[in-house]
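In this document, chain identifiers A, B, C and D correspond to the written order of the chains, with residue numbering beginning at 1 in each.
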Amino acid sequence: MHPTEPKLIGAYGDREGDGMVQMSFVLPMPPSVKAREAAKRFAELHGLAEPLVTAMEEAAAGYSYFVVYGHSAHTVDASKLEVSEVRTVSLSHDELEARVAKRLGRKIVVVGACTGSDAHTVGIDAVLNYKGYAGDKGLESYRCFEAHNLGAQVENPELAARAQALGADAILVSQVVTQRNCHKDNALALVDLIKTQGWRDRVILLLGGPRIDHKLALELGFDAGFGPGTKPSEVANYLAQRLIGDENSVSLPPI
Amino acid sequence: ADEVQRFIDTHTTVGVERTTARAYGVDGVDDQGTPLANLLVDRYHQAGLTCRGIAFFLGRALLGGAGSINEAAERLAYGPELDHGSTGKTREETRAALERATGDALDRIDLARKAREEKRARFPPGAAPLKYVIVATGNIYDDATQAKAAAFAGADIVAVIRATAQSLLDFVPHGPTTEGYGGTFATQENFRIVRRAIDEASEAYGRYVYQTNYSSGLCMSEIAWMAAVERLDMLLNDAMYGILFRDINMCRTFVDQYVSRRIIARSGIIINTGEDNYLTTADAVEKAHTVLASQFINEAFAKRAGLGDELLGLGHAYEINPRIEDSFLLEIAQAQLIRQIFDRHPIKWMPPTKHKSGDIFQSHVHDAMFNLVGIATGQSIELLGMFSEAIHNPLLMDRYLSLKSASYIFSTARHLGDEIEWKRGGIVEARARQVLGEALFLLEEVERETIWEAIAKGAFADVKRTRHGGKGYAGVVEKAPDYLNPFLDALERGEG
Amino acid sequence: MHPTEPKLIGAYGDREGDGMVQMSFVLPMPPSVKAREAAKRFAELHGLAEPLVTAMEEAAAGYSYFVVYGHSAHTVDASKLEVSEVRTVSLSHDELEARVAKRLGRKIVVVGACTGSDAHTVGIDAVLNYKGYAGDKGLESYRCFEAHNLGAQVENPELAARAQALGADAILVSQVVTQRNCHKDNALALVDLIKTQGWRDRVILLLGGPRIDHKLALELGFDAGFGPGTKPSEVANYLAQRLIGDENSVSLPPI
Amino acid sequence: ADEVQRFIDTHTTVGVERTTARAYGVDGVDDQGTPLANLLVDRYHQAGLTCRGIAFFLGRALLGGAGSINEAAERLAYGPELDHGSTGKTREETRAALERATGDALDRIDLARKAREEKRARFPPGAAPLKYVIVATGNIYDDATQAKAAAFAGADIVAVIRATAQSLLDFVPHGPTTEGYGGTFATQENFRIVRRAIDEASEAYGRYVYQTNYSSGLCMSEIAWMAAVERLDMLLNDAMYGILFRDINMCRTFVDQYVSRRIIARSGIIINTGEDNYLTTADAVEKAHTVLASQFINEAFAKRAGLGDELLGLGHAYEINPRIEDSFLLEIAQAQLIRQIFDRHPIKWMPPTKHKSGDIFQSHVHDAMFNLVGIATGQSIELLGMFSEAIHNPLLMDRYLSLKSASYIFSTARHLGDEIEWKRGGIVEARARQVLGEALFLLEEVERETIWEAIAKGAFADVKRTRHGGKGYAGVVEKAPDYLNPFLDALERGEG
């Protein structure tokens, strides 16, 4: 079942081109023939043909929960998608240490934290701490890294100060809570701070978290972004490469 | 069942004769798409000669100079006049003339069986419960794609559901098909196409993947033969289903079932029976015992057709109204009971369907409970529930998520069954005893009244059918004293 | 939580106007950063703002399954929905029998079947048989009905013939299997047949099934349609009303 | 715990003093929104006078002619100069002056308790496990709407999650709030608004619905008092959570916790402890015993604060990696163990969170397994899992489907627990023994090293915290020999 990837990509239910899509949502109406019609109409507005309302239940007084199936006419032109992904070669633990030792001749200093009121440390710990993530050891485990983990709830000014004091090559920021895009505000604020302090060009800024992708990180003024499932070795390779240069690039495993 | 078996032994059907013809090598269709096997048998049936067995006439044609079975069949089907078989070669000479053909017919089945066994040795099947999923696009090529996708996602068994009307057709369509409602036609070519796809999957994932289809309806025995030679692994095969849910005449389908099971036994195919379906029309709490009773009856028929326990996938289901308090316990009782009674059988367990609604999220949870009972009670074959059961035939995504959920539950609760001891005199034990008791009582009743009567009274699935009613009765014939069918004789003697 | 039903109805997640909607679908691409982007784009094409791809998994070689959340800008104008629903008064079992006896003075003859190759009898049985559905007794239980249930897999010509022979006041058709709209074809064919036979005006035609609604039934040339959860008493009331007339109408419980 | 208790008894904190002030009736905020209680206490804290107890100064102000406690507070907060308490009225005179105020403070709590008990008598609560759900819109009015919706869908307990940063604030915001990240601020007014909504729901559905919030962080004891007078039913209250997950100083929060629990005991609120959280940072298989050990410690602290077993909702969770074979059995072992050890406690069972992914369908099934264990092992309070756990705070729909699924499972498997006997020496039993053994071993270690040390070594949640590190240490003061706090004395004596 290896479709030669079509240029125009549409949804697949059980036969080529059926465009089958499932939706669920709540509308502020109690269940009724009219509400069912509204749900149908609502689905049609999204581009679903022959929408089938398979569930209509009162989720709360005056609110109905719906499940709808329909045939979507929409297709995506794969050729027109601009995707930006972090690209690195993946060297083994030893290769990487060797290469850094040879080309840089000193340890790479990184400072990491989960900033703002965000108390989620598991992500940044996974990247920095020896233990690592899913069997992939963290930066602490590399002889070529000097990793400082400031933990969570670290305010930007404090992070910036510590990083400068430690002469950090890179700052690793984790953002997990995203309500009302507080993660973006937080991240932007750090970049602005460092810019105004005038050392943005002397440090690599990495952003990570379950809702982060490379594209977003770039938009926010970081050098790279890492999302769910990131392996510490990916981060290690990226940093080493940025600092000692390495051209032949392959793409990361999809995240 | 003996009473019925006596009837079976003294009768044949157009289906059985077509099967015999095909086994001997009759193949192909005319320009109308009508199979030669049908043209041949129908002609002799109209002439009232089926009672002597189509083999008798094929043999005579061979003796009469036909170069091959197919040529013999063509002569008989299209030839200017009919062979009334009254004069000339005797029954014994004819039998002799068919000897080689009979041997070839058996070899073909045996070779397929051997090939299957070799593959299974090379690619060990998955752990029980085997995960059984359905594909039903209507287009055999899409089906093949879906079948591989299912295997990729972890399926152990793939069934291609038949087009809804096929069981009422009195012939088997020919060649690959790409149009069908509710499913895809069962044809010999379609069997091959899917077999090929599934074999590739077995290779790719190093796990044996089973292929199954439906040997039911008016062409029950012909399909059984096609499945045997095309190396299918399982067949839904149950006269009761056809009688109750397809209104097929019981005399006809009992005879067809017997012959189909003789072939199935020879080729080592696992059958799945359809008692689970009863609970879709009858209440699963009140009528639970009818499932068990019917399984005993089905087993009795199977034994008389030479099927061993290891090939008997008796069907039962998780169809109790989920709104009933402690329904989970009642389901456990039923599942555990069947498991213990048929402890050497590859029993087949069916998911909730009747009480499924269009709320796919809740439906997914309902299936999760079913999966948990499946692993906890050690079911052999489990047809996975689909969260879209109340909506459509499963989409690729539905099947993927169903397999993902089942795999998770089978693993997270792998040894749950070994851990639990059910409280003496508790709800579960009491329920099991009750169902067993009711089943035995019903069986005694059936014994007294004969199966014909029991069915007529609606003992199963709350559906009533009469002995001579239903579709296909016209195709049933009493065998003449000199009825000839060396192929069937060989199967019965288990020789070769 | 009784919202005064807004005129423009949009989806509700956890705050007024957030338009939160969930979608799931399969695209013919293996998982990758690009595939994730395609899923986002696909969701956007349906009108979802800030789509969040929460799941991307390989459902089959070369196919990815996605779950997406997003904010839908679409709203339905409730006032513009034309809904057609079957309207009847709901009389009690006895009232109904009494009224029919009084006004019609004979039994109402109905013939029902599940037609074509469709073998699903549970639905039509629920409506016709004594037992009924969800505690609501079937037409057989009414002294004022003479109900003939032909069962399933009944071909249209046969149904028409039997109905005429029995002098049916109404024909009840059940259609459950809907692949490729075979239910519509089946239903249409019956109406055409009866029309050509010239007695369409002398019989009431009801269509029912899990995918049937009144609107569809009307489109197909039936007098009324009944969907999932239909209660036999609703059907009984409708038929009685059609035959003996009754104006004061209230709407059915929503289906 | 005695070692720590000695520290507690000899220390007070700005939080405790603010709580005392509020209990006596200090209310309101200045134009900056700073509560009078803070202005008052901070001023005397800066002056190094907290050690004598804010009550002492309030009493003296009353004697000095203030017409009311609030007026007294204003004088102390804004008055030209500070009362150093060195001259004039003695401690005993002051205590006397506060007698009526102390009585009123207790009455206010007792009346709220009585009102709660009456309501519960009128509307019987649902059956265990009580279904606990969270709302967290950030806007208190939306929260109220959501709370009622949850009750409509079957929730027994509704928690309004706090804005993420609140536990680090050293004051309690005032009035209704409509903006907050990750949740809604806990304010006295917000408590009232939600209480009103939930009371309406109880009336509407004839089922008592519990309200809960968080008494943790730097305002632990103040919030406990607000909850007491606003008739909340439960509070998340656990110093360990603040220490480990919010980096709050342990000296500070142990003292705050003691006072908060004195108030909680008086008002009959059920507390929920946070051991479940340990398994989000530590591995749920390796560190299961740390949960049990911590529960014993939490219980010890609770007893010393006068809390009865019936108010101790010790927390545990279903956080084992679902990919582990037989993880379901390990979860059962843990749940059953805690249930049996704390058999009179309203233990609180938390859903899977850490291993949840964005595949909402699979996530829903994961929660279903959790629900089944919940009913089978008879948990008291069950926080329902949400299929969107890995994505966002629950939407109306998420909560509805979660409640629907839990209600189904609690009903379909209602008496499962009574039916099962776990095999002697089986996986479940062995696992339970192991966890119990490891827990006892750890407790002995903690005994030897003191709790301060154990925490510093990362014994819990794999998180290390030092005795003097963390937030809020500056607010801790050793009590002077003549420290005065009649309100606390009364709570301790349980009088009135």
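A few remarks follow.
Everything below uses one rule, namely that a residue touches a chain if its C-beta (ideal position, glycine included) is under 8 Å from a C-beta of that chain, and two chains touch if they have at least 3 such contacts.
Computed from a predicted structure; not experimentally measured.
Inter-chain contacts peak for the pair A-C, counting C-beta pairs in contact. Between chain A and chain C, the centres computed from C-alpha atoms are 44 Å apart.
For the pair chain A and chain D, the distance between C-alpha centroids works out to 34 Å.
Here the CA centre of chain A is 51 Å from the CA centre of chain B.
Chain B and chain D have CA centres that are 61 Å apart. Counting partner chains per residue, chain C has residues 1, 12-13, 20, 22, 24-26, 52, 57, 60-61, 63 touching two or more of them.
Shown for chain B are the residues in touch with two or more other chains, namely 148-149, 152, 359-361, 390, 393, 395-397, 401. Contacts between chains leave no pair untouched here, as each chain touches all the others.
Against chain B, in their complex, chain D makes its touches with residues 322-329, 359-362, 364-366, 368-369, 372, 387, 401, 404-405, 408-409, 411-416, 418-423, 426-428.
Contact residues on chain B toward chain C in their complex (touch as defined above): 138, 148-149, 152-153, 164-165, 168, 181-182, 245-247, 280-281, 354, 390, 393, 395-397, 400-401. Those residues of chain B that touch chain A in the shared complex are 135, 137, 139, 142, 145-146, 148-149, 152, 357-361, 390-397. Partner chain D is touched in their complex by these residues of chain C: 1, 12-16, 20, 22, 24, 52-55, 57, 67, 69.
The residues of chain C lying in touch with chain A in their complex are 1-3, 5-6, 9-13, 20-29, 31-38, 41-42, 45-48, 52, 56, 60-63, 72, 74, 76, 78, 81, 83, 85, 211, 213-214, 251, 254-255.
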